[in-house]
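One chain, subunit A, links the two complexes that follow: it is found with subunit B in the first and with subunit C in the second.
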Partner chain A sequence: MKAFSFVSRELGDQKDAAMFDLRGYIDAHTVIEFERAVNASIDGGVKSLVLDLSGLSYISSAGIGAMMGLARKLSQRGGDLVLLSPTQKVFAILEGLGFTKIFKIASSETEALEKLNIKVS
Partner chain B sequence: MGNVPDNRPSPHFELKCRVDSTMLRPLREFVSNVARTLGFSEKQVGEIEICVDEACANAIEHAYPKTFEREFANGGRDLCIEVQYKNDELVVRVRDYGCGASEEMKSRLRDLNDYLASDQERYRGLGLYLMHKFMDRVTVQSSPGQGTTVEMTKVRK
Partner chain C sequence: MSIPWAIYFAILVAMGVWVIRLKAVEKEQAQALEKIERERRAVFMFLNNLGERLTTSRIAMEPALQIIIEFIVDRADAEAGAIFLLDPADNQLAARVVQGMFPLLNPTTERVLTKQKYLTERVKRERIPLGQGVIGEAALTGKPILVADAANDPRVPNVTLGYLTIRSIMAVPLRARGVVTGVVAVVNKREEAVFTQADLDLLLMLADQAASTAEMVKLYNEQAEKQRIEQELRIAHDFQRMLLPSECPDVPGYEIAAFSRPALEVGGDYYDFFWVDPEQRHLGIVIADVSGKGIPGAFVMAMVRCTLRVVARGRLSPREVLVEANSRLYADTKENVFVTMTYGILDTQRRTFRFSRAGHEPLVTVKYDSGAVRLTSPDGIALGMVDNDLFQTTEEAELHLEPGEAVVLYTDGVVEAMDPEAREYGQKRFFDFLVAQRHSPPQEIIENALKDIEAFTRGHPQHDDITLVALRVRTDIMEVRVQPVVSAAPTG
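Here is the complex of A and B:
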């Protein structure tokens, strides 16, 4: 398994919203790669992001911190961040630390789009 | 009936490696596998895994600054993990031989609200909070030039 990889795509008809399908794990070693990917997207004009965590096997505080920073950055640009379908293991860590009350979390892409107020035709 | 002596084996492992962030994954997975084999639940294994990762990541980031060899001529940039199990308790010690932590650093236990209020691009400093949240006992021993040992205990439930 590769340490960290991702696939990104536009969300619906929105040019300023994107979905990142994350694979592997985010720890203090791979967090830089994650930040580089999402920051490039934001620099390209994306304001709202959905991070699909269904393929993410592990996250450390470095990854949680990077997602917190990302949520704040998107909010400052008038956008938002939604975490989609975290694995049971990742959800347990987020919940144990109190972050399920802080992050917007969706269990389906439709729900994620609703949380971003994005309508798909 | 008298007390029956506990003759079950008490596993004791020790790993030593150079500090390098690529070692985080094999180190946390090693301890996780030990915990899993000893019958800890998957939830507990996940909690142990992230705490080991945080302690190791802290050592990798802070123990050996660029000026370390000039300031402390006591050897290499090593990281040691010791895992012991006895009487339903898993004890993990993460030890570095680096520059040591100040009293302020040792006692730093971020409150989640302080963390959330911090004005940073990347939120940091959650490690000790996380260890105290997920482990049953956490102690930090450290002194300048003598390195740091983080001892974490998890009781099997």
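Here is the complex of A and C:
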């Protein structure tokens, strides 16, 4: 299995939201690939992101730091970040760090879209 | 490599001086804070500037390629030439060096390009997607291209300005280990002549030389970079060892031991002990895990350590200390750096351990007789990530310790240690182990824990640091003077 991969697509009717389906794990090495992908998306005008974490087996502190940076960057641009369906393991890591209070977490795509105020026609 | 060494030595000396000064400063509580803030910023700026200068130990690619393109243009009897390198990140080609009046390859209406200097700069800014035009096609197909009659070739732009008109052009891919890394191109044979197959054959041979030179420079720089990183890690490693206590405090009635082992040369873990009050009744105990590694990680660790030592002085509420530390670290650290920490205060007389947990692993205690395990995990957020409005939600817990009871603090590297099948050592095995070891002194508990982790991981390389702090109330503590305390310590 590849250490880290992702599939991305646009969300909603506006072109400023995107969903990243993350697979594998994010550690100090794969975080670079992750950051490159989301930054390219932000540079392309995306303001709100949903990260589908259901296929992510593990995230290291470097990965969590990157997500925190991402959340801050998006909110500065008037957007937001929502984490979708983290596995038990990843949720436990976030919870231990106290970050479930910081990140918006959704358990379905509909809920994620609601948290971002995105309308789908 | 003598210049970087001198700079590294300067870093080490500067950091060493800084640390020694901090130690002195800690004694003068009143002016300490302001002074530390100032020094911290100075060291930070110093490191930032150094970071920029360190890159100058590389061989610059451009001068090496410039020599090659001058040689090629001369031998090919061309009016101009350029070497384009492919950026694998976006699959676009850009001219790294240009010789002569090399024309723009994308159509333009700009008319300011009469000076060679401006034209060269402009050509270097041009980005050519893989597959586009003569250059893009040569890179994509990996095949050389000879256009003898450019005026009638759709791949070549029509430029009306006389000196920028392309009459004929040759483009040859550059390869390193079979992969196309760029393209060398020459335009317009001198004396109004036209490039022929013989010219192309010559260019093919020269291009091969260009490619291997570029590759050699790249490999050299990669090697230099590798050495630079290794040196950086070694220095950060030494620096970090300096920051850990050289020995555990000797506290009557208690036994204390600690251990830290970085996974790589430099880790992000640390532990610390210090007396909170001059009476030496309250002992501050810290265990922490900084999310960054290398010099930045070691630097954040140094920052956290000194911040904590300063704000902990005289404060009997760990929560209050962490809130204060967070406000400083939140302002000073980068947005993607955070620190998990458990900070506790052992009241050596009341025999209590009061602590807060900034996103760190839970605190575990094991009773001497029953082997009962207590896991305490008050709410808390990692340091440096959120402002104090949110960080205020961090809680505090207080445990009363029985004679013989052990308190164990650890970092996630312990429970996340992996065996070759990617199974984790895990809390359960760790806690079972602690129960079995509860009659041993802390030093032995730690030594045996490391053996147990090693037996579990079976030599599988670990990616995270392992840090353990163990404290045990002596079973004969009652013989030590224990004074009843009337008023509880103030809380934050």
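Assume the second predicted complex is superposed on the first by the 121 of 121 C-alpha atoms of A that agree within 3 Å, B and C clash if a C-alpha of one lies under 4 Å from a C-alpha of the other, contacts with A are read in each partner's own complex, and residues count from 1 in each chain.
In this section, a residue touches a chain if its C-beta (ideal position, glycine included) is under 8 Å from a C-beta of that chain, and two chains touch if they have at least 3 such contacts.
These figures come from a predicted structure and were not determined experimentally.
**Student:** Quick one: on subunit A, after the overlay, do subunit B and subunit C clash, or do they fit? Just give me the call.
**Tutor:** Because the two structures are overlaid on the shared chain, the partners are seen to clash.
**Student:** May I ask you to decide whether A:Gly69 touches subunit B, subunit C, both, or neither, giving the answer as first, second, both or neither?
**Tutor:** In the superposition, A:Gly69 contacts both subunit B and subunit C.
**Student:** Using the touch definition from the top, say if A:Ile102 reaches subunit B (first), subunit C (second), both or neither.
**Tutor:** In the superposed model, A:Ile102 contacts both subunit B and subunit C.
**Student:** Looking at subunit A, does subunit B or subunit C touch a larger number of its residues?
**Tutor:** Between subunit B and subunit C, the winner on subunit A residue contacts is B.
**Student:** Touch check for A:Lys119: first (subunit B), second (subunit C), both, or neither?
**Tutor:** neither
**Student:** Can A:Tyr25 be said to touch subunit B (first), subunit C (second), both, or neither?
**Tutor:** The answer is first: A:Tyr25 touches subunit B but not subunit C.
**Student:** Who does A:Lys15 touch here: subunit B (first), subunit C (second), both, or neither?
**Tutor:** In the superposition, A:Lys15 touches no partner, neither subunit B nor subunit C.
**Student:** By the touch definition above, which subunit A residues appear in both interfaces, subunit B in one complex and subunit C in the other?
**Tutor:** 27-28, 60-62, 64-66, 68-69, 96-98, 102
**Student:** Would you pull the subunit C residues touching subunit A in the complex into a rising list?
**Tutor:** Residues 89, 268, 289, 291-293, 334-338, 340, 358-361, 379-382, 385-386, 390, 393-394, 463.
**Student:** Which residues of subunit A touch subunit B in their complex?
**Tutor:** Result: residues 3, 25, 27-29, 35, 58, 60-62, 64-66, 68-69, 73, 89, 92-93, 96-98, 102 of subunit A touch subunit B.
**Student:** Under the stated contact criterion, what part of subunit B meets subunit A in this complex?
**Tutor:** Residue list for subunit B touching subunit A: 21-22, 24-25, 28, 42-43, 46-47, 49-50, 53-54, 57, 60-61, 112, 116, 120-124, 126-127, 129-130, 133-134.
**Student:** List the residues on subunit A that touch subunit C in their complex, please.
**Tutor:** 27-28, 36, 60-62, 64-66, 68-69, 72, 96-99, 101-102
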